[in-house]
Amino acid sequence: MGFVGNLGDIFRILKHVFRQVFRRPFTYFYPWEDRPYPETTRGRHIHVRETCTGCAQCVRACPVAAIHIDKEDKKFEKDCALTFDYTRCIFCGDCVRSCRFEALFHTPIVDISEGDREDLIYGPDKITTLDRDPLEWRGWRFR
Amino acid sequence: MSDTPGSASTVARAVINKYPKIESKPLDGNKVELVVPIEKIRDVVAMLDEEISDALPESMFGVDLTENKYELIYIFWSHLGKMLIQLRVQLEGETPEIESVADIFPGLEWHERETHELFGIGFKNHPDLRPLLLPEELEGQFPLRKSFKTDRSRMDETGLPKPKPRPAPRGESS
Amino acid sequence: MSPDILDESCVIWFGPQHVSAHGWAAKLTLVGDYIVECDPNAGYFHRSAEKCLEFRNFRQGSMILERICMMEAFLGEYPYIAAVEKIADLEVPERAKIMRTIMMEFNRIHSYQFWFGQFAGELGLFAMLLWPWVDREYSLDAFEQLTGSRHTVSYATPGGVKYDFTPKFLSKMDIALSRCRNRMPLFDDMLAGSPTFRLRAEGVGQYTAKQALKWGLSGPNIKACGIPMDLRKDDPDPNLAYDMIDWEVPTIHNEDHPGECDAFDRLHQRFKEIETSLDIIEKLLPLLPEGPIIDPKARGKANRLPEGEGYGRVEGARGITTVWLKTMEKAQTPWRAKIRGPCFASYYSLKHIVPGARFADFPAIFGSLDPYPGWWDR
Amino acid sequence: MVGSLGGYDMQFDFFTWFGGLWDWIYGILLWFWAIIKWLGIWILDIIDGIWILASIPENFMFLFRAIIMPGLIFLLLALIFTIWFTRKIWARIQDRRGPTHLGKYGGYQLFADAIKLMGKEIIIPDKAKAWLYRILPSLLLVIVLIPFAFIPWDPYWNIMGPPGAAYGDLSVSLVLVFALLTAVPVFSLLIGWVTGSKYSLIGGFRAANNQFAAEIPMVISSVGPAMLAGSLSLFSIVAAQTSIWYIVLLPINFATFMVASIASVGTFPFDAPVADSEIIFGWRTELSGIYFTVIYFAEFAEQMLYSALMVSLFLGGFNGLPFLPGIVNFIIKWLVVYFIFTVVTSSFYRLRQDQIVHLCWKYLIPLSILNVVLVMFAMAYLPWLVPLVVGG
């Protein structure tokens, strides 16, 4: 390369870095600004009890045993209560894929951190409601 | 199976010619399996090293067949011949022992260490048989043996009925 | 070395709570500034994935595998699926084959983008640590658009793939790949074109092809020695689409030391790998036929497998990644699953490569081998 | 023969002895009181003397300059700004935003960081020498801050006035600045040694190695300006640059001085002493809490100092736009130089310590000598250059 070639390389690198200083940063202002999440995002689940049949396929599909099923707790004809343990869930999406009755979906809510470990276990009430936007998901309204 | 020079069956035939006790079994493609008796393993591996100029020690691991029966499987891959040689060694006993081949293929040294701690298979003349992955309190426990029981209590929490018992190994009905 | 040299030696633990040793530890013996002995220690991430696989059925097992190495999640989970397909004798639709292959190459590009940043960070340039990671964000966005998850895609399933390509995904992939392609000259300037990088990487961590074969190194680490050993070409999986197109295995031939490679060659090799992957994706996209993405009978077939042994192999971003499966009759779960991670060999080979190097070169050596602790601890 | 000495018995009258005891104690008390009184008078005298000295207008102004402007308070404010500025530039280079939350554009981030660092537990390793561990970081900061006294910020309003005035600039202030800066790696080495860790010891040796490599090219580069101005006083060097800035005549020396000063500070790419990918944080590994804060400040203060030296040696110091005060001219140039300094520091890979010596001795020394020699010939054969250089 030689001395002059190295000098040329050094100045080219300095040029790249100098240009970078005046570019707009890539990162987001996180708490006030968030990236857009596509509809396919595998975030926390939403359980539609109106269409659930209590077939327990989601429970069998779960590789980490994060779903607890309670078949006694019926609100409608033949549904069941699901409890999601988000300390275990790995968001693989198999429960949603295994559901044939359109009763279990992922939502794009991914920031589900809590101060208390117990709060991450979403009981039957919490898993069927959404507490923030979007309150509507695939035609169902949750509140 | 093709018989072109450099194919897996040629190597297998060469090995069998030298050590007639060894059985060979073709797998799909240019792959062959050799069932090697326990005392011949060093000779066969050394011969593979000579025969195949670019043998890559791809993998080596144990299989627990229960009732103190174990299998060791050595897998060698050659890029030039595009062939895969799989050696199978059948072991028996509480803590079976076999000759180490770590000096012929240094890449197998850690595989042997791992098999030693996870299955309790001894490797004679191995340079360094400290536990590789396990913490000290699990030494002598051999976690990958079928007799090592893991905690299955999590499945009870799902509310499902208990899963059916695992299918029994070959030749066994329980 | 004579014993009296070792009298003045100094033992330094490189890890496990070290800045750049994330989850591993090497015990280095230094004499002066030179390393005379290196003893890599494994096991800090050991979660016994092989035992875990024995308790998961054949559709769940890949979830364990993709968590071993997050950077090449799809490449890591694929060998398990290939082994299951081999035992169950499943046929994959043509469309799913090509989609799998495109996803694999995309994942490979993402893995190398991560590695560029990591290597530059280990050599002390924090600007280059984050510039490739910005490009990586675009790849992750595309993964998220397709599968819903950024790292652990869990895309393939026995008999096909889970999610179909959508126009949104294709446009996002196009953005990510064109950005990767456009920024390659910049990274070339900042890495290979940097005089300080050449000072640090040239002649560091040399080994010959023969040594590398003995140690079991594979992937870019051995292709940099000039051996075109690539499972994509040598032993293509029947359910992948690598044999549908023409492409060349990239290798490095260095005039100064033929048949050997140093850290600089390994970097150069990974540049070439990215170019090859871009090329493969470009050639495969027009071939994408219409049709189903999954064999409808596969779900039932994968529930219970016949007795057999399957060996799924794939050329991962870091080398040969394989899963060996043994199943018993009508098994719901594998009897034995053996994961062969590529970095198992490259981490072991530190023991042979490092002695004789300067202490300051140690990050350059292990960085250029691209180790990922999940692969050896599993 | 117990009790007899030399043939006759010793006679000991207890009551006589006891009667004299009070006098003896009283004498000791008087003696102590004299010492205390003497000390008190001495201290009072000193305070008196200081008051008398400080009430002289010249002295009072000197104290004011040294403590408030452009002395300690100004330097601390500048330090806070500098750390914010550096972090912002680093963030921009790395495609980030840098500090944003506290204050406008994250301006108060440093206060939050400093409070956090001071609030942290101080962990002194068992093998460390505790008193040295406690004292060395602050000594390092002091050593780095003292040379700022000789920086000519302004024709009149700087800590040491113009030569000839009361408390004028020393005639050898450049040499003194380098002498003080040479002590910095000694402190690094000592900190690395006494904190009782292998990483910090290696880092300390590497810091010494850096200085060993960078000192000579740096001093030779500064020979150029000193020779042109015909003085070793920083103030005189700046004052001589009214007609022409020395960067015009000594561009290579400017570059070599910058590279050597980066190497001397030990920041990227010459950060082998604190290379975090091999020796965690080098000689700073074991420092915690307030001691780490002090070291962190000292590093930035050293970078500021070298930027200021570059401005005064090569860029004409307070000379510049005539309608602006000298200090404003200085600070504008200083910010520009600091910006270039930071961009250069964050563009290259970390060099190995033998490569640092190689670079400094094999390239920087010949280059800096070359420029000095070229300028010498220019002065000898181009007589019209001499009045421009010496200044007015």
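By written order: A, B, C and D. Residues from 1 in each chain.
As a convention for this text, a contact is a pair of C-beta atoms (placed from the backbone, for glycine too) under 8 Å apart; a residue touches a chain by one contact, two chains touch by 3 or more.
All of these numbers come straight from a predicted model, not from anything done at the bench.
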Mutual neighbours - chains that touch chain A and chain B alike: C
Pair joined by more contacting C-beta pairs (A-D or A-C): A-C
Taking each chain's C-alpha mean as its centre, the one farthest from chain D: B
Gap in Å, rounded to a whole number, between the CA centres of chain D and chain A: 52
Chain centre separation in whole Å, for chain C relative to chain A (CA means): 26
Whole-Å separation of chain centres (CA-atom averages), chain C against chain D: 49
Between chain B and chain C, centroid-to-centroid distance (C-alpha), Å: 24
Residue numbers of chain A (touch at least two other chains): 10, 13, 16-17, 20, 26
Set of chain B residues in contact with two or more other chains: none
Residue numbers of chain C (touch at least two other chains): 127, 131, 134, 194
Pairwise chain contacts, counting only pairs that touch as defined: A-B, A-C, A-D, B-C, C-D
Touching residues (chain side chain B, partner chain C) in the complex: 29, 54-59, 61, 63-64, 73, 75, 77, 79, 82, 84, 86, 105-111, 131-135, 143-144, 148, 150, 152, 166-170
Residues of chain C defined as touching chain D within the complex: 10, 12, 14, 18-20, 33, 120-127, 129-131, 134, 194, 196-197, 199-200, 358-363
Residue numbers on chain A that touch chain B, as the complex places them: 56, 59-60, 62, 65, 67-71
List of chain D residues in touch with chain C within their complex: 90, 93-96, 198-199, 202, 268-269, 271-272, 275-281, 346-355
Chain C partner contacts - residues on chain A that touch it in the complex: 1, 6, 9-10, 12-13, 16-17, 20, 26, 37-38, 40-42, 61, 63-64, 90-94, 97, 106
